[in-house]
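Consider the two complexes below, in which chain A is the common component and chain B and chain C are the respective partners.
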Partner chain A sequence: MQNDECRMMNSILHSSFIIGHLIPMPSASRDIVVLNKLGLHARPAMQFVDVANQFKSDIKVVKFGEEPGEADGKSVMEMIILAATEGTKMQINATGDDANDAIKKLGDLFDSKFGEDE
Partner chain B sequence: MKLRDFIVADAVVAELKAGDRDAALRELVTSLATAGALPASAVEEVVAALIKREQNGSTGFGKGVAVPHVKHPAVKQMSGTIGRSAGGLDFAALDHQPVYSIVLLLSPENQPQQHLQAMNIVFSNLQKDMFRRFLRQSATQAAILELLDEADQGK
Partner chain C sequence: MEIKKGIGVSPGVVIGTAIVLDAEDVLVPRRRVEAAEVNTEIERLGKAIADSTAQLTEIRDTFVGKYGKDTGGIFDFHLGLLRDKSLLKEILAEINKQHSSAEYAVSTVTRRKAQIFLDMQDRYFSERVKDVYDLEKRILGNLLGAKREDLSHLTRDVIVIAHDMLPSQTAALDKLHVKGFATDVGGRTSHTAIVARAMGIPAVVGLGDITAEISGGDTVIIDGNRGVLIVNPDEEQLTEHREMERKQLRFEDELKTLAELPARTLDGHEVSLWANIEFAEDIDPALARGAGGIGLYRTEFLFLASATEPSEEDHYAAYAESLRRLHGKPLVIRTLDLGADKQSQAKQASAERNPFLGDRSIRMCLHDIPMFKRQLRAIMRATVLGDVRIMFPMISTLMELRQAKMVLNDVMEELEDDGIEFRRDLPIGMMVEVPAAAYMASHFAKEVNFFSIGTNDLVQYTLAVDRTNEKVAGLFCPAHPAVLGLVRDVIRAGTRAQIGVSVCGEMAGDPLYTLLLLGLGLMTFSMNGPDIPEVKKIIRSTTMENARQVARRVMSFDSERQVMHFLREETRKFIPEAF
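Now for the complex of A and B:
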């Protein structure tokens, strides 16, 4: 009896797992490099968060290198804590219906050095 | 890097007299100059730069804290201080709430990595509810310094 219940639970869990995969949440990601000399200091971090908040998608920012980290792209504090210097390799990940648009706009910010001269 | 590496102990102000943002910035920069972290002749310029920075975008990031910061040629070594306002100050903060704790940071020019490291350690602590609460409750310079020591030791 217990085995049957166990099997049934497994089957339910398994099918919901499959359904989860049949309807995937749209997602997009982009590898970027910090190009501005001052790095991801407070102003660019706030600029990033401002743009990220224009989208419904969840935004995660991953920092690679010797001191890796991950931040919620909608949290100024978390973004500043990344302390990403010039040359740091990072990845922006978006999950949600507007993921593609979000990735494009957020990637453009890095490409434009957040409007900084150098 | 640790908080006590750049927070100038003698410059910490547990009870700000200032009643508004600009006066608080001036009080803290003056305190840094009195403690020897900045030439007295540079105080007005640095205060003006900090005010301009705030006008371009508030460093009141929410949850009752603000982190005004600027780099300036008169600053030879990265130095910071902390000011506490029991009554709260209007910093035009992101969450529109008053600011009770100010961490002010002055950086030399051309040391962006050091600046980012300092901001990292400041925000890593400010993000913790307990740290913010204890900072707001620390009514003396000694209590604030003790809190910083504990934070540096990872307690």
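Now for the complex of A and C:
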């Protein structure tokens, strides 16, 4: 089942690349909380997406809470549509060869409040 | 095939290809493309995104250079959206699966996203909808870049479909290739209608929501006689309307032979039939239709056609050009008559609560004397080139008229001081279009050389009907006995004072009212060029005595329905084709 999901997702994202790839991909994930006062607004969302795009792994961001949602971590439109305000609990999932590195770098962004004071 | 019913405001039948303008003057593109064109659309999209990226990068760099690194964020965000693969994939899916045009696909997807933002609770996130709109506008701008030009440089015949035509839009149109108009809103005297009749092309207005239903490239039939628009007609409809097109051309040919003949009643009364124009270029076609002069030169189009206020030289050039084309025939120049319904887009910013009763026309001119003087100087300088007459619009009090004449006197003195030649004895007239002026016509008659009755505004102000509001436009009717009473009184007052009287509103060119106006003693009619032959035909078919009888009968009625019914019966006797 997981293979099917994985294959489907990948065939959407890199359709030329993965048909028939049945070995489970490495994956990693991390729970985070949005600490920025304005939430995950345009600038941090851009920063997140820019970093996410440096990796080959697929990045999914899941938002918990009253208005749950899921976004492609490489799409700034989807990230901003999550409308993650301050205090929102989220989970970053990475699937791919560099999943661990991706999660570390992306998690650091949240820890550092994307370099903002508030 | 779909048949839509609206208001026919300019007669004739035409079959052609639609172009659709949206409220912002942007051509709304085709919605669907053929399967074979999908790849072309994808290429166009790619190029538009690349162009948008280049433009935004440049803007960002300039901004960052000027105001520092922190200010570039919002552009980075827009650039981020432009390289967002998920978003692009969604747009591509629209093109691939729905066969949407690139423009339509971008619009559909961005509007979908916009709705999500609009539904958000958080204000900061919700406001990002502006960024989405901004981005849509930029991409569409690049996609449409070349097409935007089309409006002023059309290469094929088209039928223009719009919400409403603004004067500034019609001024920019390539009139040679526009064969018909159809609009969502408007009434018989809306700007679209006036322009269409002046151009002699069919128009149907008040069609509801046709801009949303017609795509550019659709074949449409406009039947201005019956007020009908047919979208993507079937073979039967096409055949029927082609026949109507042919019949109408034959009738027009017949009317054209009238151009050479005098507008004289059977018992020998000569009537002057003049034309209303907006541009000097309108003169030649008007003369070809038999116009004896220009009874109304709407100079506001000099203001509307350009982004800045015209200079004295701009005015002078236009008037000199008109006089050159007229070869000694009279030219009645109406000073600036910018009003609420003819506002350029730039000026709409300072909207008035009640513009029809506000600072417009002569009032506006008297509030801006330097601008008013620039126009008056140009008119006075042109007096040595031909038969120039000047006319002040929207006069409501004697003081206003005297003020306007005083400014004109100032201008004459200044010209004299400057040693510039002009004719001091040019005829000075006024529009009678405010009921107060009509009521006091005998007083005004002592201070002007001629009256010109502007029936459109006179009807609007007398009946308290905004003619551009489709909900009440039905109440707008020149046949209302109150209006007819005022028209009669003004003609009578002018005739008694032995000054010229003309009617330059829509009424003058509507054959329905020809017998009545003639019978009331009107000897000068000023109308759109294409209306001249028909009016002339009626004048040449009747006697003064018959017209007087018709007028007497009409003035005894107490409702506009009776008036119109009777006039229709009487007029049909002379031109059965018209009704």
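Here, the second predicted complex is superposed on the first by the 96 of 118 C-alpha atoms of A that agree within 3 Å, B and C clash if a C-alpha of one lies under 4 Å from a C-alpha of the other, contacts with A are read in each partner's own complex, and residues count from 1 in each chain.
Basically, contacts are C-beta pairs under 8 Å (C-beta built on N, C-alpha and C of every residue); 3 or more make two chains touch, one makes a residue touch a chain.
Since we're looking at a predicted model, the values are computed, not measured.
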Put chain B and chain C onto chain A via the superposition and say whether they clash or fit.
-> clash
Scan A:Val62 for contacts with chain B and chain C and give back first, second, both or neither.
-> neither
Please work out whether A:Met46 is in contact with chain B alone, chain C alone, both, or neither, and reply first, second, both or neither.
-> both
In the superposed arrangement, which partner chain does A:Lys37 touch: chain B (first), chain C (second), both, or neither?
-> first
Partner chain(s) touched by A:Asp72 [first = chain B, second = chain C, both, neither] | second
Partner chain in contact with A:Ile80 - chain B first, chain C second, else both or neither | both
Once the two structures are fitted together, what part of chain A is touched by chain B and by chain C alike?
-> 38-39, 41-43, 46, 76-78, 80-81, 83, 85
Residues of chain A defined as touching chain C within the complex = 38-39, 41-43, 45-46, 49-50, 72, 74-78, 80-81, 83, 85
Chain A to chain B touching residues, read off their complex | 37-43, 46, 76-78, 80-86
Where on chain C is chain A touching in the complex?
-> 73-74, 76-77, 80-81, 84-87, 113, 116-117, 120-122, 124-125, 128, 131
Contact set on chain B toward chain A in their complex | 56-57, 59, 61-62, 67, 69, 94, 112-113, 115-117, 119-120, 123-124, 126-127
